[in-house]
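In what follows, chain A forms one complex with chain B and a second complex with chain C.
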Partner chain A sequence: MEHMMSKLSESILDKFSMDFLRSQVLKNAYGNDDTVIAALDPRILIVWYLFFGVVPWFVNDLSFLLGCFLLVMVTTLLAHVAGLVLFLFALGVFSQTGYLFLATLLFGGDASAIPPLLVLTLKVATISLASVTVFSGLDPDRLSNGLMWYGCPERLSFSICYAYRMLPMLMEEFQNVLLSYRLRGNPPAHDTLWGKVRYLIYQVKIIMESFYPLMLNTAKRSRTTVEALELRGYRYAAVNKTVKKIKLSALKVSYNDLLFLALSALWVALCIFCSTLF
Partner chain B sequence: MSTVQKTAATQSQKLMIFVLTMSLYGLATLFTELIPKFQVGLVEFSVEYFLFIPLTLSMLFDPLSAALGAATGELVFSEIMLGQFGGLGELEKFLTVTIGVYIAGRLVRDPKNRAMVGVAAITGTAAQLLMGTIVDIAKVQFAVEDFEAVAGLPESVFATEGFAFLNDLLFSGIFFCLLPTLYLVPKLYGKIEPLLGMAPRVAASTTSGLSPKAILTCVIGFVCAIVAELAATAGMSLIDWEAEWAESGTALAAGMVVATALAVIILLVMKKNGERNAVC
Partner chain C sequence: MNAVEINGLTYSYPGAALPTLTDISLRIEKGDFLAVVGNNGCGKSTLCKVLNGLIPHFITGEFQGEVRVGGASTLDSDVGTLAQKVGYVYQDFENQIVRPTVLDDASYACLNYAFPDYLERGKKALCQCGLEGREEEYIWQLSGGQTHLLALAGAVSLSPDVLILDEPIAQLDPMHADRIYEVLRELNQKHGKTIVVIEHHTEYIADYCRHVLLMKDGQVQWLLPTGEALQHVAELEACNIFPPQVTQAAYRLQKEGKLPSGAPLPTTVEEGRAAFSALRCRLGAAPAPAPRPAGQRAVSFQDVSLSYRSVKGEPRTIFDGLNLDIRKGEKVALIGSNGAGKSTLMKLMVGLLRPQSGTISLFDEPIGAKKAEDLSRQISLVYQNPEEMFIKDSIRADISYAMQVRGLPDWQARTDALLERFQLIKLQDRDGRLMSGGQMRRASLAIGVALEPGILLLDEPTANLDIATRREIVGVLEDMKDIIQTAVIATHDMQLVCQWAERIIVLRGGRVVADGTRDEIFARQDLVDLVGIRPPEIFSMARALDPQALCYTVEEFTNCFQEA
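This part shows the complex of A and B:
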């Protein structure tokens, strides 16, 4: 039994390594270009998101919320979102409302707390699944172009593109720094409970300390990045209308995009129809 | 051109600070999003707070660029990249992180003064946490229907949020904000600035000190966050009223269904025609 437990925890830890995280993030960003959702126009998807990200928050009708939830669940499945993201979504929903439910029970509430909390859960789940569909299903470049078309600050779309490109490198560098600290360090023995606590503190301390070289390295890198951007006239191009027009000319709305919007609208209308019937 | 310039940062140096804070804090928040939290009863032990990174950087560099970079980094790396973008809530998070980091950065006149750094770090953290708590309570109150009617719910929300605030401040605030900042600021001081082509911050520099104008800006920012909440409530009653009006007519809903179904059919036909034309 003990052997099995240790094996189990080992395999979980194996799965949760830095490389796993990196591959999941990369897969999330660039691994699903061929899905139905990724082929849609980013502007249309942002409009779609604005509806499903805002409206459920204001509606308290159970059948309408359930319908919206089913729809965004289907789109999430269509977008082939990475497993890690879905796991985080489930965890997030539970920690927001499941936790509240337990606390309510603790303070003497009873089953009467379930319906309002179910409504709240559905709201939270719908909104976050809609965002998962749009922000994980789309290519970062397309997403930032779409945001730019709506007049979002250039800083934001630059940040999105930059973040997706730099993140794997940053993660690798962080891992290297961390490993070098571990190689040179002398961890305390962790057989007893007190030793385990000290071991945990030691690990956290190493993570904190490894930010020191990381900060210096990233400072050098960000100077290089900004100087390279300046050489290409980034700050002038960012506010220039012609540049923006050229950059956004690749975006085209097709029948598929309109069909997607119309189908979503049909589904929502059906939900409203049902909620008026019952 | 000399590599070391005066303390007032130029535009490109501000962009450098922005990029630096964004990447570092973004990376850190990504980890916190991925590392599972574990709870013992109501006490939550999480490595939730890597706020020491923007705090440190805002004390060494231009506070506003660092604060904006941190908030953007969190938004982009941990919310958008992992698909956890939450709409209105993100605006408040963005504002509270910006204000908290900015306050801490403005408070420090001389980064070599450890007491000043410590006070600033804990003040910035507390400001950010307090604003987050207020917004959280308000959000749950507005979202749950018949909030007062559900037995035990109001007390539990106040208790859990208040407890989470104290817990975060005493646990994460001290271990993950105060101590690392106290460790990093003196160590980085004078070493990291030349890498961005700047002179280290001194007591006489223009960026330090909390002026009334800066306080006013922070207050306005927080009011914006609250106004966003209030606008949400006002909008909620408006839309509720509209929904009631719509519910009175099943015919209207049926009409909507027919109209959208027609739109779908027309689009399908148009698409087919378009494809046929393309083939011919």
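This part shows the complex of A and C:
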């Protein structure tokens, strides 16, 4: 049994390596460009998101919220969102409201606390899933083009793309530094409970100490990137109206986009109709 | 017409006491294929950055004199205009790529300079650089060589007249290196581009370049046609540039009076055939080192399988049921093309990666059962990229770190001894990242041997180094024989392999396709074709003269081939 536990914890630790995080980030950003959601026009999706990201805050009707939740759940499934993101989402939402429920029970509440908590949970979950659909279903390029069409400055949209380009590099660098510590460091033995605590403290300390080499290595690498961006005309594009026009000319609204909007609207109308019935 | 004209250029970096470039005057013809050679730190890269206007427009400093590219002075043009005349590919080219997909990146500059046909231009550039059919791929799906071609395509897309490449093949295996140079040759001959490469692989210079420019201490020594330039053996060697091995051999034979003096030295194997035609192979093949008695198993792989997760689709299998033993006392070279699994194999040995199945043992104990501390005393890995080994703010702290945290009683004395041995005393308080390539490599070796591991793994120890530093590294390896009993080097550097290794393991697609001494490996033509490894030039030269000859170094060649 103990063996199994140690095997299990090892495999969980193994899963949660930097390598895994890196591949999840990439997967999330670019790994699902062939889904229904990714093919939609980013402008349409942003409008769609504005509705499902804002309206649930102001509505308390259970059946309407449930309907919205079901819809965004379907879109999230359609977007093939990476496992890690969904896991973080589930952990976030349910630790929040689950903990409230526990606190309620502890201070003399009973099961009557469930419906109001459920409403809160549904609101948070709907909004989060809508965000997940839009921000991880679309690849960063399309998203930033969409934002640019609505008048966001070019620098913001470039930053989004570039962050996604840099993030894996940053993580790779971080991984390398951690590996160096692992190869040369001398972590405390962690067989006993006290040893485990010390091991944890050691790990945190290493992560903090990794910051210095991480930043320097990344800075060294980005020196070339900065020069290359200059050569490749990044600064010209930022002030040139024609470039913006060329970029945005690639955006087109298709029947699929309209269909998507129509289906969403129909579903919402249906939910409102149901909620007036009951 | 001249593509580039420089008159009386003197330049100092901001805050530097001495100028990096001093009084340079230079003409580069249109359509030339020019190699710039010189010592580390002689100002080659700075000269190239002057041509594309990064100096003085982006990097300031003291700039005197005049640089004209395509007739226009760089002082009067801005970086954007110049970028459309001069394309630049950095040595660390992967940092030059800023977009996620291949076509996106190739057309990025054209989009930024507002060409409405930017996609067509990108496609055309990809085609010219031999990347057609890969437009939709993501950049992390590309191999090192393909990434370099993409960086080149990004520069070519603006259709500049001049292309500058800083050490284009430093990190590539011979097959990929050939590919890059073939593409450059085509750009030069078919599309009339002027090409400037900073290069110290003189074999490639002899094969591809038309002119050679030698720089020394920020000054131009000479600019000569390649054939003539490579005759200046003594002068080149003084600048740590080693002419092709064929040329070196002819130079020595001439000095010994075995070849008529005064005749031009051959620079390629083809020219060598004629030049050495009077010589006959006297000795048989050099006696192969006697097979040493099989020692204890130092590292052993049993049925090891490993696959990586990939962004999309199935995980990529690196090893499938790998079996391999490395015995105590062996000097092993691990060769194979980029992506054959060399680095992964090393990471498995030090326990940084764990196999999905199978066992890896060090001295007959599975590494899973070993404590990390014991492991690091027995085996140590020096990364390909030395920067990744620096985790402290000074070299001294980096070298002592592993000894200090293990509480070794004499760690300070041992750190001093290591600093002494690797000639790092003067640099001990500097941050490793700010040192030169050769210094970084020495420091990373010192870090790697600090715990006196019985097994030392070196990943590409000579990549990006000039020949002198490379010799120094080989010297250090010899020097450390008393501490390091077993050493494994992963490398593309066949001269290093032939000089140093006793056993060569050839990897291809995660499988060991050959394993033996250098005679057993290089004499097999089928293997050379299959894996794309290339024996040192002198070896091919000897075989061209006499199919029975097996010479791996210039010394062996000059001893073996005598007057008939």
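One rule holds for everything that comes next: the second predicted complex is superposed on the first by the 265 of 278 C-alpha atoms of A that agree within 3 Å, B and C clash if a C-alpha of one lies under 4 Å from a C-alpha of the other, contacts with A are read in each partner's own complex, and residues count from 1 in each chain.
Here is the rule we go by: a contact is a pair of C-beta atoms (placed from the backbone, for glycine too) under 8 Å apart; a residue touches a chain by one contact, two chains touch by 3 or more.
Everything numeric here is computed off the predicted structure, so don't read it as measured data.
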Touched partner set for A:63, first chain B, second chain C, both or neither: neither
Chain touching more of chain A, residue-wise (chain B, chain C): B
Which of chain B and chain C A:212 touches, first, second, both or neither: both
Which of chain B and chain C A:35 touches, first, second, both or neither: neither
Partner chain(s) touched by A:174 [first = chain B, second = chain C, both, neither]: first
First, second, both or neither for A:203, with chain B first and chain C second: neither
First (chain B), second (chain C), both or neither touched by A:155: first
First (chain B), second (chain C), both or neither touched by A:132: first
Residues of chain A contacting chain B in one complex and chain C in the other: 29, 162, 164, 209, 212, 216, 220, 222, 225, 227, 229-230, 235
Residues of chain A defined as touching chain C within the complex: 14, 19-20, 23, 26-27, 29-31, 139-141, 161-162, 164-165, 168, 173, 176-177, 179-187, 189, 209-210, 212-213, 216-217, 220-222, 224-225, 227-237, 240, 242-243, 246-247
Touching residues on chain B, where the partner in the complex is chain A: 11-12, 15-16, 18-20, 22-24, 26-28, 30, 33-34, 36-37, 42, 47, 52-53, 56-57, 72-73, 76-77, 79-88, 140, 143-147, 150-153, 155-157, 159-160, 175-176, 179-180, 183-184, 187-188, 191-192, 195-197, 232, 235-236, 239-240, 243, 246-247, 249-250, 253-254, 256-257, 259-261, 263-264, 267-268, 270-271, 274
Residues of chain A touching chain B in the complex: 21, 25, 28-29, 53-55, 57-61, 81, 84-85, 88-89, 91-92, 95, 99-100, 103-110, 112-113, 116-117, 119-120, 123, 127-128, 131-136, 143, 155-156, 159-160, 162-164, 166-167, 170-171, 174, 204, 208-209, 211-212, 214-216, 218-220, 222-223, 225-227, 229-230, 235, 255-256, 258-259, 262-263, 265-266, 268-270, 272-273, 275-277
Chain C to chain A touching residues, read off their complex: 52, 54, 58, 79-80, 83, 88, 90, 92, 95-96, 98-100, 104, 108-109, 111-114, 116, 118, 138, 140, 154, 309-312, 350, 352, 354, 371-373, 376, 380-381, 383, 385, 387-393, 401-402, 405-406, 431, 433, 447, 450-451
